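Same chain, two partners: chain A is paired with chain B first, then with chain C.
Here is the complex of A and B:
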């Protein structure tokens, strides 16, 4: 137990360094940083349109009121900020690392390779506008719906956001692991992006079969739907259990494939 | 497509030895080092380094060895090397005082104290290589695998890095396996040489017998300002190849200076180089002469 605690401490300190170094590196190229920041802010406005539209129409969409949709779009925005800031760059660089053999040195370090590769880069410029903008939307939606502001609701909301982050990590890392065999994965990245974009609207909008598939088979809907559904009281006990099990199950799958893939790693000749 | 890079290669290395791994491009040197460091998983065969099977990638093993590849880097490009060192301290879980002592010593030995806080991307190739070495040695590995550590460096940096490893090996009795296609690296550092070609060991022994064969001939390449007659080229040494304005002579090591001087004096030379016989040819000569006294 003490060993686990010690390792957890070591890993979190290393992760802290990764974040710090990433931000320091980005500050070396300020124009680039500011551009990324501005582009993300522009995307934020597009997301805002999805939230405003229901107010203009003025009707509920499959049981979601305009305020609920605002809350939902807020969660989606926070999630895109976290996903693109914490994971996206790392995932899309994985094929390149396989192709150029730059995994080589990392493999020989006494640290989990999966950790070192998938969490190394942190993009502050993607995270800030989305997490801030999303939080504002959530706050407005939350108060307009008169949802309780207590430990149970806020704690639960944050818990389901964390679940969403873990699920996003697994679901979108999975296809990139193909890189160990195919080396190029641009097609897969495009596909992943469009899968992520299905989250622009609540899953209630989709057909029942698609809802099922997106909740249980490839649980992309768990990422953005569960936090608002929880605070609005729309999450059944069974779904809560699934929310807890899904990331564990997915992380195990990722781990198994990762290990298998690494046995096939062929490096690059120079 | 599968290609067999290494086939049937067996050797033992004692603690504290510096062994040179010599061979032409594509001979399988790097592949062998990658297997010994656990980067690659061989399709068949065994290896034991410090009692561990490298490709099991045990943490205790990783803490005791290091691989340095001249063409790969581990430092954060936009940050000073000192930051990457700090990160390695955390990764290897090094004790504060021990880390400081090692770092100071390495920085001193390699003479890079001034560059420690300069972003890696602003360093020269030689300085960067020295920083890479520091990053790889902070945890005081017992075994060091070096893959072309001096590639692309100027002669002064090359010699400094060789000197560094000599001292380091003497002080800590570290085992070093080194690949290079610069003969000088091997000559200077290694008491024992293994030559590998087409993934197979063709020679294992001291460098002297190899040098007697490969190092006893030099190639003098000259560029001429005007064509010269066949006759005026005679008498200097064996002509290996010639075109209108370029001639390559094969000269014995003892004669090389004297003959070069004569050639430069008597022919309209505008440029010249003196080189070793390419390793591939050296190996072929070794084969032909049956000159493989210790071959396995």
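Here is the complex of A and C:
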């Protein structure tokens, strides 16, 4: 037990360093930072359109009031900031690392390879506009709906956001692992993005079958739907259990596939 | 001689496009998934509101809009601006400047060549879906509106090309221009009516956006097929489309002629 605690402390310290170095290098070469910031701000405009639409139409959409959808789009925006800031760059660089053989150097390091590869970069420019913009939307939606501001609601909301981050990590790392077997193409990243973007609208909008698939089989809807459903009291006990189990289950799957994939890795000629 | 060269370039564009076929099929997913999201969103909106028309469209018209906006976006999509920026930044443009070859002609032919393969597939897809909608759901898409759309399409394609060609000239002044291109392309995406019909912005903003060139890339051609336009509006729209092409072509020439004067071929 003490061992696990020590390791956890070590890894969080290393992760702290990763973040620090990423931010430092972004501050040194500011173009990338500004670029990321601009792009995400433009995406924020598109997300705002989805939030404004229900107000323009002036009706509930499958039981979601315009305020509830504003809150939802806020969560989706925060989530895209976290996903793209924490993981996206790392995931899309994995195929390159496999193809060029630069994975070799990382294998020799005395830390978990999966950790070093999938969490190394942190993109502040992707995170800032989304987390800020998303939080504003959440706050407006929250107060317009008159939801209680107490420890239970805010704590639960943050808890389900954290669940969402873990699920996003697992679900979107999966397709990139294909890189160990095939020469990767940009198509996989485009495909992942488009699957992530099904979250532009609450899952209640979709057909029942799609809802089930997106909750249980490939749980992309868990990422953005559970936080707002929890604060609005729409999350059943069974779903809460699934929210806790899904990330554990997915992380185990990812771990197994990662180790299996690595056995197939035969370094590219350097 | 030049004709032969330009024919080869056109052919090269086609071949390039055929090379990465797996990628192509995987990318199709990213073409269909957003369409599915839009379909369910509008279905839910129409069902929940109980209204016949929303932001000026009936459900059937909105269906056509969603599909044809995605199709049009795919048909006219640029993407060469990054290549041009690379040519400018890394000095590759130099080899075109010293050859008896027009860079604009080179780019447009390569662009059209790449479009040729894709367009056939996308247009077949659109035709199948529209016929299915007409028979299965009795969505009123007539031959005349399909024809109107086809008349507006070349203008949309050319307009999008000249806009991105002019924008790519930014690379003469900015070394790191790709992020800016991406940002601008997202704004054009919104302003062209690719996300939602421009009518969701309300009357005033929709009118302003309607005067800008971007709405003639997607919003206008798609409305040709939804049947939202009178014949006069259709004719005026085509006129506006080509007027914008002419205006932006002048701007592009100016940007490029002053850009090339600044240009220093590094490496290359």
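Everything that follows uses one rule, which is that the second predicted complex is superposed on the first by the 269 of 270 C-alpha atoms of A that agree within 3 Å, B and C clash if a C-alpha of one lies under 4 Å from a C-alpha of the other, contacts with A are read in each partner's own complex, and residues count from 1 in each chain.
Just so we're on the same page, a contact is a pair of C-beta atoms (placed from the backbone, for glycine too) under 8 Å apart; a residue touches a chain by one contact, two chains touch by 3 or more.
If you're wondering where the values come from, they're calculated on a predicted model, not measured in any experiment.
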item: Per-residue touch tally on chain A - higher for chain B or for chain C; value: C
item: First (chain B), second (chain C), both or neither touched by A:234; value: neither
item: First (chain B), second (chain C), both or neither touched by A:188; value: second
item: Touching partner for A:25 - first (chain B), second (chain C), both, neither; value: first
item: Which superposed partner A:156 touches (first chain B, second chain C, both, neither); value: neither
item: Touching partner for A:205 - first (chain B), second (chain C), both, neither; value: second
item: Touching residues on chain B, where the partner in the complex is chain A; value: 26, 30, 34, 37-41, 57, 59, 62-63, 65-67, 69, 71-74, 76-79, 83, 86-87, 90-93, 119
item: Contacting residues of chain A [partner chain C, same complex]; value: 31-32, 34-36, 38-39, 41-43, 45-46, 49, 52-54, 56-63, 185-188, 190-191, 193-195, 197-198, 200-201, 204-207, 210
item: Interfacial residue positions of chain C with respect to chain A in the complex; value: 20, 22-27, 29-30, 33-34, 36-37, 40-41, 44-45, 47-49, 51, 54-55, 176, 178-180, 182-183, 186-187, 189-190, 195-196, 200, 202
item: Residue numbers on chain A that touch chain B, as the complex places them; value: 10, 13-14, 17, 21, 24-25, 28-29, 101-111, 263, 265-267, 269-270
